[in-house]
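Data block below; observations after.
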Amino acid sequence: MSHGKTDLREKCGVIAAFNSSTAPYDIYLGLYAQQHRGQEGAGIIVCKESGEYYMHKDIGVVTQIFNDEILGKLHGNYGIGHVRYSTSGGCGKKDLQPLVVTHRDKVISIAHNGNITNAAKLKEAMEMEGSLFTTSSDTEVILHKIVRARSDSPIEKIRQGLKEVEGAYSLVLQFDQGVAAVRDPFGFRPLHVGKREAAWYFASETCAFDILGAETVCEVQPGEGYFVSASGLEHFTLDTPATPAFCSFEVVYFSRPDSLYKGRSIHNHRLALGKALYEEQPVDADIVTAVPDSSNSAALGYALASGIPLDIGLIRSHYAGRTFISPDASLRDVKVRQKFNVVRDAVEGKRIIVVDDSIVRGTTSRKIIKLFREKGAREVHLRIASPQLTHPCYFGIDMPDRQDFLVNKVPSDVLNTYLLVDSLAFLSPASLASVVGKSACQACFTGNYPMRVDPEGSRIEKRKETKDAQYAYL
Amino acid sequence: MSHGKTDLREKCGVIAAFNSSTAPYDIYLGLYAQQHRGQEGAGIIVCKESGEYYMHKDIGVVTQIFNDEILGKLHGNYGIGHVRYSTSGGCGKKDLQPLVVTHRDKVISIAHNGNITNAAKLKEAMEMEGSLFTTSSDTEVILHKIVRARSDSPIEKIRQGLKEVEGAYSLVLQFDQGVAAVRDPFGFRPLHVGKREAAWYFASETCAFDILGAETVCEVQPGEGYFVSASGLEHFTLDTPATPAFCSFEVVYFSRPDSLYKGRSIHNHRLALGKALYEEQPVDADIVTAVPDSSNSAALGYALASGIPLDIGLIRSHYAGRTFISPDASLRDVKVRQKFNVVRDAVEGKRIIVVDDSIVRGTTSRKIIKLFREKGAREVHLRIASPQLTHPCYFGIDMPDRQDFLVNKVPSDVLNTYLLVDSLAFLSPASLASVVGKSACQACFTGNYPMRVDPEGSRIEKRKETKDAQYAYL
Amino acid sequence: MSHGKTDLREKCGVIAAFNSSTAPYDIYLGLYAQQHRGQEGAGIIVCKESGEYYMHKDIGVVTQIFNDEILGKLHGNYGIGHVRYSTSGGCGKKDLQPLVVTHRDKVISIAHNGNITNAAKLKEAMEMEGSLFTTSSDTEVILHKIVRARSDSPIEKIRQGLKEVEGAYSLVLQFDQGVAAVRDPFGFRPLHVGKREAAWYFASETCAFDILGAETVCEVQPGEGYFVSASGLEHFTLDTPATPAFCSFEVVYFSRPDSLYKGRSIHNHRLALGKALYEEQPVDADIVTAVPDSSNSAALGYALASGIPLDIGLIRSHYAGRTFISPDASLRDVKVRQKFNVVRDAVEGKRIIVVDDSIVRGTTSRKIIKLFREKGAREVHLRIASPQLTHPCYFGIDMPDRQDFLVNKVPSDVLNTYLLVDSLAFLSPASLASVVGKSACQACFTGNYPMRVDPEGSRIEKRKETKDAQYAYL
Amino acid sequence: MSHGKTDLREKCGVIAAFNSSTAPYDIYLGLYAQQHRGQEGAGIIVCKESGEYYMHKDIGVVTQIFNDEILGKLHGNYGIGHVRYSTSGGCGKKDLQPLVVTHRDKVISIAHNGNITNAAKLKEAMEMEGSLFTTSSDTEVILHKIVRARSDSPIEKIRQGLKEVEGAYSLVLQFDQGVAAVRDPFGFRPLHVGKREAAWYFASETCAFDILGAETVCEVQPGEGYFVSASGLEHFTLDTPATPAFCSFEVVYFSRPDSLYKGRSIHNHRLALGKALYEEQPVDADIVTAVPDSSNSAALGYALASGIPLDIGLIRSHYAGRTFISPDASLRDVKVRQKFNVVRDAVEGKRIIVVDDSIVRGTTSRKIIKLFREKGAREVHLRIASPQLTHPCYFGIDMPDRQDFLVNKVPSDVLNTYLLVDSLAFLSPASLASVVGKSACQACFTGNYPMRVDPEGSRIEKRKETKDAQYAYL
């Protein structure tokens, strides 16, 4: 995607391991493989059967947070882990996951991918009963609900605790007896079951199993869950009936191309999106080029379907690092040039089709097209392998305010001028549905939310920032 | 005191500031001045009247944890701070203070010096009602009690919340309206009120006011408290009547010599202890020498009373730093030599009186006496400016297990041989009382505890380590 | 290239800037763009006309070494920079570049890409005359030669100083008057001239100009140099006549695809290598797939020439980070899985052609092919877009010992079995020459070195490690 | 001394170890014990007989620079170490010692305490012959002279190399064969020989031997040296005849009280200075108090001689740490309050004699006296246990410019008013001589320099800062 770092952000990835002698390393690797789902912070908690727990979490990327010394101090053969998306503010430290409590001499921890739409209401009710909260995270609300459930069975605690919880949640939990995975009835976010010899794993994406040399067993179906303990793997169902609405944006952009969705690779779905895009929005040109790496598959699909040769017109630098504060106008636009460079002879004097996976604000797209123009592209046709973004997501993706979406910001008749393109076209919602399935959630493209949502009720943090007391833990 | 780093540890120091444009810096300086009360970690939370809170806490000493950049990010004109004692394990991160919660859109934070003797019982009862705890600290129990109290008045919340809380507590708290200080009815730990122009301060020791250029107003009396807000300073009283029992060990060792106790400097009290020690335990010798720096005052008192000249027989290095793991027997005892060195010509061929403030295990004393012997001291008479330690403290000082006290470990008839001294004598409890006051707590010397104590009930952590689930946050 | 991190390493990249108000930032960006040429360490020195110099260099990657604070302390409008390749040992700190000396109140600094083949001999001779050396780098030998040259003119110092220096050098130098660039008569390593408004730049690769928004002016030709000062840009020629022998491995693997070689992009050359590879070594299959990212262009060329569709069979993770020490056999091969993952449905049941740019030891290739096999590839045909590596390089690329090259290690009749492939084929030296030019150096493929080389004489460091005193600066 | 951190600075301390299985740890401990001689940076180089050298040096204090991990990587049984004083600028990194060169496959390293008065001239001459210098340190000039000496014998190299070197130098050197110590003919700076079993040590101060459990063998006499190798300890003499002029300021302030000077402790000499001060400058008062810790001994001497009781009127904080940038006038003077606090009841309403060891600028003295006044001291009599400072030192102590000395800055008739004292008196040079010896250098008090000095010629750095090119290595 040609959007900037702060345009769209996945809210987290999770992993759990059970009965593995290398559990802390497995969880670390599972987080490493899912690093793209969250780069603000990460955490691991592991446990030995003797009841000793060890946790480490911090701000940063997993390779910065964990090293041999720290992994060597995390003793245990089961546990859970979490990667968290990046925020600009300093509010993050207290909200790092896994969250953990001790309750009546038992330790319970949780890691969450998603967003609870009635978190504020649930929290207020519990506060009236004397409960205290230490984070501004909706995950703590889920944790309180589950811990307060009056049962000693982990499965029953989860089932009772989630009864009133609404919204998106793909959870992994750790109890003294074992680990659990559970997914909301809509199944907005992915969640899978994996296995390596006697060890079991739960993870958001299947690429986490591949890095472990584990096999992918199955998806955790919407509204269902698993608990694995010394007694083996148990399956359970939530009370609310499932009404599947998987996030189509996972396919379009977020998930890794080598992860599976419905048994096929995300890459394969994106190839199909690229092909459908050509069918709907053909254009004649000399080459097709991608905005690497997220639109590589869609661009290849477009090239294969059209017969127009693929070329590598844009190179992406993979050396991460903060951009410095440019002291001078002559270094303007250096941010996009730190990330991308055009291959002149691939585009000079040519008519080029640039395939991108999606457009959010359009700011970065505009700068990239400018780079192509500076290096001599004669015609630039921008093709987007998803529909126009128009509505915010309440189910786990952090999007900009509605008015910041490109199509809400720039009148349609000057879009081409704004983006410096000769033509611009998007994939239709119908074509997207033909690839990702009719049940998939397309709310951000269409405004058809699969459930009633109170925008205020869904965001504990936002609400407080404007009205009430809040603290930042540097 | 000639004991090692891990022999005795004060459990923390606190500071609060209100209505100061330099509040974060004031709190930092107040923690810096009280660094001796806790070197494991420290934290500061400050607030602006707009309801924005900023917190930073970490493991280490205050000069490592805070710097200009971090202090510059802590915006606010009131707040509280805490220094914490050092533990060997890694359990500390989650127990760093101030602890903070948001409850019904209000932020409440707390910092605590002391030890709650019925914490385990109170916690269990609240867990049965659905409360969750995230630390293994007794301070969180106090916080829950106070937050759950059904009143909107901070003073009433504190008075109600503390009704069932037993043990030692000198607390500072921060509410949206202002800051409070409150001290248990025994007044085990110190707590004072200070002022600089329009700003108010609360701190464990008065040296925290001196560094700010503030004046010491008064002590917070046992069983009493203060709350300062835009409405000014309010005084309040707890329900339980006060039965003062100030910790005599604060005078003997813990407090800084320049801090005040009952209006006189700790140094002045220690001078008196040294004089009383000579009255009780005179001995003829060529010089009196201290074990710097904690027994400097007592040694001077002994010298002045006896007329035997003071000399500087022992030099202490003040460059802090971890001792490395010695790779070889030839570097044995290097730990004590990194801290102390004997001035040969001050002691060679002489009869010396070594005055120390107290003896815990005696291990370090023995090594220091050995250094004196190696440099040619002819006679060594060890005089201790407090009675023999025999019982553990349940009111906020971390002591070794009972059997590890020198007098419980080494038979009295071989004590001199063990310590390599020609004579050894302690101050009597009666003489100590004549200096620190009859009401002062001498439980660790005499076993006469001022309140009934259940050793198990007073220690949440210890109990769990042996029996139940527990987690370490690296 | 499917080789591991330690198989082949470029020896450094250089950059110089003159007359730029953002010189320290320009140099930083130029190093960032050339990060692939050296990841062990980096350094920048800049100068103001007043004669104040500021330098910073350290171990790590450029984004770790430099930040806003440090860049803000580097004051100057001209200077030079260097990135250095990674070594396993700790010897690096003292060898970081730029090297700088003050000589008769003048400051002279140097940054070098290449390898001096008679460094040991030159050094010994100067030591006999009383010179002292502080590094084990051949660059220091060049610096001594240039500084000792009896002239006040920078150009004359360079021309005289380099007279006896043999081997590969693309140098940038900083004098009080300005900066210079000079390239050995063979032109083994790249070196270019760029310009942005009134500012001049010299850099190893042209991608360094692109990130600055500067234009590429020309190549510094073999045996030639430039000096830019307040008097403008001056061109000069070395005494030794030029006999061009550009490193073909720069085209095959090292240079960035968006950099220019002889006016065409490296990407374009690699496309041609892929096409030539198909012409020489055709094979029937269902898809062509690359080993990303270094063989993307060659694979595309092979696909375009053959008409066999390109697919994305292998995904590469770009989150850098040290691999931990695996505690268990179940995590064996995790290193390659941290870097690569196969897209199952792109390869399952298919005949695949894997195009790679080169093979050194073959260890990583073998593991990658194994990943393809595990995910169900039916046939695997490995095609290498360069000839077999057989001889070490003495001109600036750090290669393994001769016996460690795959073809010297594994008998040719079991190569397929060893690599787990159905067929294996390399590009011929003749075809390589048809793309990179007949004059290009192919010594590592053919053993035909363009100059006489004494393997011992070329390596100061190696020689000492075995025979003589040497020190490591941690 | 009541002067600030930047008023006076010792230029470094040195240590060498030979034939010790714990050499790196010995050197570390020796530096730790001599930390007061230099807090800017430190370094260690050690060697194994096989000719492998390992070095580590960095900016900071020794406990920050070295830890178990780093000490574990320094392999060797002999070597040298250095601590360096603090500078405000960033010029330090390149000047850290030991300096090391490899010359004709031999490694030679050096650590220096002192100042070479003809360094600029010697350097210029060698540069004319083609030598290059990489630091702005006079130590590098010594190193070049010694390495260039045409002999293979370390002793001969030292003797020849030092022939033209003038000024102050107490050196330790490391050769492939062993380590050496040598002291200039004036013996400005201390240097001693120690021994523990089969191991030999050289160190600036004898406290470095005490921490190792080693015994002090003797002083290295002015103009003499020692070399220890497998052949044992050899003594040698420089060509220039000795004219002893030991720095009296080492006795007054710099050296540790537990170190030896002419067989007696520095503490003992300072006691004598305090007694002599009372004899010369008696005054009636209620108590004598020190400015801890440097004037503790002198204050005790004054008290013993006068019969006026010593009391502890001033407490010093030993928690090191940078002072933050005070955001507000209300925190003015916080710097002195971070270091010192007055014990009110020790001074309130009393006539006090404050004994300090020396006064440089008087700025800090003034602030301390102000603290005494604020806490109610009725009369303050300041007594200085050394003469007035009037002239700069060229022999290894970094002093402020002449006009910044208190007595050159404040007219004598308003000195008391400026310092807020009732009376002020200094020790006479004659009395100082009676304690430290007639030969001792008192140039900073009297202007009688023991050798001709060209102020310009003695300072390579200073000269360049104003006139010529210079670089800062951040």
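Residue numbering begins at 1 within each chain, and the chains themselves are lettered A, B, C and D in the order written.
By definition in this document, a contact is a pair of C-beta atoms (placed from the backbone, for glycine too) under 8 Å apart; a residue touches a chain by one contact, two chains touch by 3 or more.
Keep in mind that what you see is a predicted model, and the values were worked out from it rather than measured.
Asks: Give me the step distance from chain B to chain C, shortest route via touching chains only.
Replies: 2
Asks: Relative to chain A, which chain has the most distant C-alpha mean position?
Replies: It is D whose centre lies farthest from that of chain A.
Asks: Express in whole angstrom the distance between the two chain centres, defined as the mean CA positions of chain C and chain D.
Replies: The answer is 48 Å.
Asks: On a C-alpha centroid basis, what's the spacing between chain A and chain C, in Å?
Replies: Taking the mean C-alpha position of each chain, the two centres sit 36 Å apart.
Asks: Report the inter-centroid distance (CA atoms only) between chain A and chain D in whole Å.
Replies: 60
Asks: Please classify the inter-chain touch graph. Allowed labels: line, ring, star, complete, other.
Replies: Contact map by chain: ring.
Asks: Among all the chains shown, which pairs meet the touch rule set out at the top?
Replies: Applying the touch criterion to every chain pair yields A-B, A-C, B-D, C-D.
Asks: Once bound in the complex, which stretches of chain A touch chain C?
Replies: Going by the criterion above, the answer is residues 20-22, 25-26, 28-29, 32-33, 35, 61-64, 66-68, 71, 196-197, 207, 210-213, 256-258, 260, 264-265, 267-268, 293, 296-297, 300, 304, 309-312, 315, 317-322, 324-328, 330-331, 333-334, 337-338, 341-346.
Asks: Going by the contact rule set out above, which residues of chain D touch chain C in the complex?
Replies: 45, 51-57, 70, 73-74, 90, 100-107, 124, 126-134, 136, 143-144, 147-148, 176, 464, 467-474
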